[in-house]
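Order of writing sets the labels: A, B, C and D. Residues in every chain begin at 1.
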Amino acid sequence: MSNSNFTRRGVLKTGSIAGAGLALPTYLSAAAHSGFTNAPTGDTVTLGFNVPQSGPYADEGADELRAFELAVEHLNGQGDGGMMSTFSSKVLDGTGIMGKKVDFVTGDTQTKSDAARASAKSMIEKDGAIMISGGSSSGVAVAVQGLCQEAGVIFMAGLTHSNDTTGKDKKANGFRHFFNAYMSAAALAPVLEQLYGTDRRAYHLTADYTWGWTQEESIAAATEALGWDTVEKVRTPLAATDFSSYIAPVLNSGADVLVLNHYGGNMVNSLTNAVQFGLREKQANGKNFEIVVPLYSELMAKGAGRNIAGIVGSQNWDWKLENEKGDRYAGTNAFVKSFGEKYGFPPSQAAQTCYAQTLLYADAVTRAGSFNPCAVVEALEGFEFDGLGNGPTLYRAGDHQCFKDVVVVRGKENPENEFDLVEIVEVTPTEQVTYPVDHPMFSGGALGSCNPGA
Amino acid sequence: MLGLTKKDFTLFVVVIVMVALAPFLLNPFPQGSSLAQMFNAGYPDLMQRFVIFGILVIGFNILFGLTGYLSFGHAAFLGVGSYSAVWMFKLLGMNVIPGILLSMVVAGIFALAIGYVSLRRSGIYFSILTLAFAQMSYNLAYSVLGNPSSNFNLTNGETGLQLLLTDPRILGQSTTPDGSLPVTNFFGIAMRDSYELRLGDWLFTFNAGYYLCGIIMLISFYISIRIFRSPFGMMLRAVKSNQQRMNYTGLNTKPYTLAAFVISGVYAGLAGGLLSSMDPLAGAERMHWTASGEIVIMAILGGVGTLIGPILGAGFNEYFKNILSKINDSVLHQWLGFLPDGIEDFLVTIIHPFVGKGWHLTLGLLFMIVIIFLPGGLVEGGKRLGGMITGRTRRSAKAEAKQRNHPAE
Amino acid sequence: MDQIILQFLNGLDKGSAYALIALGLTLIFGTLGVVNFAHGALFMIGAFCAVTVQRILTLSTVVEDPTKTDFLGNPAKISTPYVESWFGPEMGAALIDWSVPLAIVFAIPIMVALGFIMERGLIKHFYKRPHADQILVTFGLAIVLQEVIKAFYGANPIPTGAPEVFRGSFDFGVLIGFDPNAIIYPYWRMVYFAFAAVIIGAVFAFLQFTTFGMVVRAGMADRETVGLLGINIDRRFTIMFGIAAAVAGLAGVMYAPINSPNYHMGMDFLVLSFVVVVVGGMGSLPGAVLAGFLLGILEAFASMNEVKAIFPGIDQIIIYVVAIIIILTRPRGLMGRKGVMEE
Amino acid sequence: MGILEVKNVNKRFGGLQALGDVNLSIAEHSVHAIIGPNGAGKSTLLNCLVGKLMPDTGSVLFDGQSVLGRKPYQINQMGISRVFQTPEIFGDLSVLENMMIPCFAKRDGSFGLNAMTNMLKDREIVERAEHMLEEMNMADKRHMHSASLSRGDKRRLEIGMCLSQEPRLLLLDEPTAGMARADTNNTIDLLKQIRDQRDITIVIIEHDMHVVFSLAERITVLAQGTPLVEDTPDKIKGHPKVREAYLGETQAA
């Protein structure tokens, strides 16, 4: 671990100017650089990885950070190259990005919009980061995306699932690889129909904030399209830790499915409470009572322990994908191998999305031949690629959202080990989860034009 | 001078010089050096935070330091101020002045209402009342008042209130000609404009927004000195000292405490307005009780009831918060690279839990150390240090510390 | 009607947790005059005692199983808990199943010791310091404690199940003439309520009927006088701190199956429990218990759809609204004494 | 018509009749002492005069105006100052600041948002406070932290603070309680000096008969919440009922 690959971009930049002597006043804004914010001038380029390091999502953030470090290693030609070898675009050659060695800085979002923006700002202003990535909440993603748009750097979103990130809050400088609530709903609907039929009555418990609302809206719309009734939509406070008073009335409400639009600690607690109340063993309307958690991560499954068994949800990616569903999902095993060998356990979907985003950025820069955000945006818009573990994928130009297959999973009844908590039920193909750019759930915003800063 | 005593004036000048030269003082290491990466704090965002939180704590100190009323919900005013300013940028235009003014007015009205109710009780009952009001504001801002799909989206919930290309901005433009959001400015000077100065290996950044905040902070600081030295300030200290005697001396304590509460609320609103002016997004988290707690921490860290304490406390807290959280293992390896590999790895393992994701731990330990060993906060630490240098005995410094309720420098 | 009974039960359960934490806080405040912001952290550490006992019981021997492979293609590892190899699979599995109740035995000495260390090492230096300093130093301690836990156990919640026999729920409704499934209640929550009642009862009985308790009560009322009688009140107060820590810790141990423990659960409870203590009246033990149950029940009622339809978002703020109303109408909370913490 | 007229004041606490039909008339420029055994209602009566307690029935007129229903600070502004049993001063403030506060209260009223002037530049107030300190023989202690004063000095300071407001009525609640003999004598001298030099009415509640008889011009004896007798000190000394109810006990003890 003593390989210090750390040379600040400033060293050479300064060195070259130091000869000129003293005071060389310039406005940071204008053309002193190549016309865009933080243009790398030395032989390194700095990326900013802004992940939750404290607070409830710290473990997820740690996994994202591992993926980022791995991606940087691979870009710089160390390690086994991971998904670079399976990636359909072949311009990355392990010499950094366009010959510049990749450096990175890290920061803590604390899963708070304010703190995340402050952290991203310091990366941009102090460390000269030219791209910001990471995060594990939609509020943070939207806030940081807005900042990057204003500052003129690229934002490659990490884990953010709200429709708004590429919907009403989309930005020209921001890109999302992760899927969203609409896609979750569209992917889940056929599976739910197949598993639970078309005559169901759903009761929604929804975390009372932006992401919860968009997911509730998406799932309710998708299940109602199947013919399900929505009995009730109940909002629960974000700060709630004990959901008993929300869970208790469910069974007597006439519902036979409980949809938990909760994430993180909220989901772990509400699911635990629901199982405690014995909902899964009950009968309602002559059917088995079921619980659905539209989005959950490996870490949440771990937190919920055996309560997750049999619970259906959706994921952006799963580490078993290539083994079970064939080489349409090539790249998965390569990534799992290099991640697993370095850290000793398989990567989470958050790690995969962060790794892919870093590679996609590096690739776009290389293809564009410039670090200029506008060139990068152009290179990413409408980019079709494969081999990053999700199958053929499109970065749609209209909203900077990736379109790819969505994995529907179910908690395993008897997990063999602590990494093997979910099983893949189905992979819903891209076509079924694609929606028009102007879909009502995504309307209300505009990409605007790319901002190179300067 | 300026209506200040010589001692106060000297202090004020020192603070002016510090604020003016902060871009130099906070960047002691040459750019690109390994120490610079972490310890240099002279970049716009952090410098702005230093002075903005300085304002916030200066205001809090007028309430807590002088009257002894411990508000545990002061972050609510910061949040309210932030939202007000962003609304001004959305509706009116991007000049920061209307935003800042509105944030002060709205925070003042909030403080008047909350203070009027809360000041009916004292001690911990007062603290819990303010806490309750602030938590209510936070919870409502996060959920009910921030639903984008409702007609009454005041706060935009989790994401925070942000500028949109579709905002009216009746006195300005909704979008710039190239299709982006306009930036906050002070009569044409963009808040994010900076002037960079290179001196050899050193790079110094002079940011317009920082200097605006700095000037406002100096004005706030000046007003706070005047308040401390005024009859009003003395009355506030008298409230803290003996309310019974106040009442039987023909003085009505309620308007005094309420005035102090409103003044400190306006300060907090101003700080919120400035935060939004520097970065036009207002998140609900800045109203959370931990944010209020942080204000208390900064005040006590610096030295309650002292003039300079709030600035020191705010600086200390913000600095360590920002610096510690950004140190990761590769940075540590870089610092310790000169050591033999074994020792280097060992030291990195030791330090690792205290930096990066462990920054809370270090900050918690620092709080404890300061509170345990410096009951008067950093100001007392400075005095003891000064005492040691000038050869005064520690005892006299301690004796002085006992009187720390006096407004000291 | 069934909804009301149901939410009343929920409220009792929420209230048990609030009351237990508030009881410990009040013990510390009433005896030592210290506002202990680290009390939530003690609750959290209690919950992690349960986690730790579960971890210890599931410590395993690891052998490689060549017939299976793990995710990297290496031979899979089969782990067998030591307790299963020592006590046989059935007994071992039972021990693991009962790890939470077992943890009580371990938690008591650990929490008492932790309480002693905290009081002797830190808190006692703060008796004469302003309340704000006490709050700050204990708040710092709370951060340190939770970060230490985070460093060892991570930020993710750790599932800690109740014994098999207490899983699932009981149908109360049928018992009192409602439709099936109208009023269901999990067994473990009933256990928790009963446990809380026993602890609260034990603390009151201890203070009421033992000489030690009498001295402590006298000390709570008038510390100086009792000190003048030549009774070493300090040592007794140290012990009270240990007891308060144990109460918080036990509340945490038993809470672990209700919600998977995580490192910040103490902070989640901290503000609420302070509101409870103040609503109950600073320094009043019955007040703390009463307020704990009152707020728990009101919180449960506020989360009913019927109530939320009238007051949107009321469940977000009910605790604070009630706290404000009570503090304004009853200046010293429900049962507070005059002059305590009013300066 | 006295400066303070107490008419038919009754006050009950639960089942206890603390004050029963108290009638009292304090003549202007007199020193009037109220004495009585413990629990006689002296403090309750005093608290009714200054607005801390509200009598159940009856009236309290100061200079013809009712004080009932007014807050303590309003009553003080009418011209009534109170000295407490244990000196109530602003312990965190310096002696000079302590003295300045009543001067501000006298000049600026019960509230002034006088936040931008330097208090030490307010010549009028500072001079007045300094003058008062000199009168109290405390000028050399003006920069001391008032909490560190001796008990006797605290008492002097408190009295000085009250006097600096130029009250028309000064209420003293056991001003020498807990004092050493020397301090008590000093306080008596101080009060005598005030009585002789100032245009003021003094009401003193006192246990110490030495103090009462050295100062008072009239004495009211209170027992079980009711005035037993009111007269001049000489008459009181010889009054059989008083001896029986009160003084006898004291002498025996």
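Brief remarks on what is shown
Going forward, contacts are C-beta pairs under 8 Å (C-beta built on N, C-alpha and C of every residue); 3 or more make two chains touch, one makes a residue touch a chain.
Since we're looking at a predicted model, the values are computed, not measured.
The innermost chain, defined by the distance from its C-alpha mean to the mean of all protein C-alpha atoms, is B. Each chain gets one centre point, the mean of its Cα atoms, and the points for subunit B and subunit C are 34 Å apart. Averaging Cα coordinates per chain places subunit A and subunit D 75 Å apart.
If you average the Cα atoms of subunit B and of subunit D, the two centres end up 46 Å apart.
Shown for subunit D are the residues in touch with two or more other chains, of which there are none. Multi-chain contact residues of subunit C (touching two or more other chains) are listed as 313, 316. Residue numbers of subunit A whose C-beta contacts span two or more other chains: 54, 58, 208, 235, 237, 239. Shown are all chain pairs that touch, namely A-B, A-C, B-C, B-D. Considering their complex, residues 1-6, 8, 10-11, 13-15, 17-18, 22-29, 32, 53-54, 58, 61-62, 105-108, 112-115, 117-119, 121-122, 125-127, 137-139, 142-143, 146-147, 149-150, 164, 168-169, 208-211, 213, 217, 235, 237-239, 445-446, 448-449, 451 of subunit A touch subunit B. Across the interface of their complex, subunit D is touched by residues 3-5, 223, 226-227, 229-235, 237-238, 240-242, 244-253, 255-256, 259, 263, 403, 405-406 of subunit B.
Against subunit A, in their complex, subunit C makes its touches with residues 2-3, 6-7, 9-11, 13-14, 17, 68, 70-72, 76-77, 150, 154-161, 167-169, 179, 181-186, 188-189, 257-260, 262, 264-265, 268-269, 299-300, 303-305, 308, 313, 315-316. Subunit B makes touch with subunit A in their complex at residues 30-32, 34, 36-37, 40, 43-46, 49, 139, 142-144, 146-149, 156-160, 162-166, 175, 178-181, 183, 193-201, 203, 205, 279, 281, 283, 285-286, 322, 325-326, 328-331, 333-334, 337, 341, 344-345, 348, 356-357, 359-360. By the touch criterion stated above, subunit D contacts subunit B in their complex at residues 50, 71-74, 76-77, 81-82, 84, 88-93, 97, 100-102, 104-106, 108-122, 125, 145, 161, 165.
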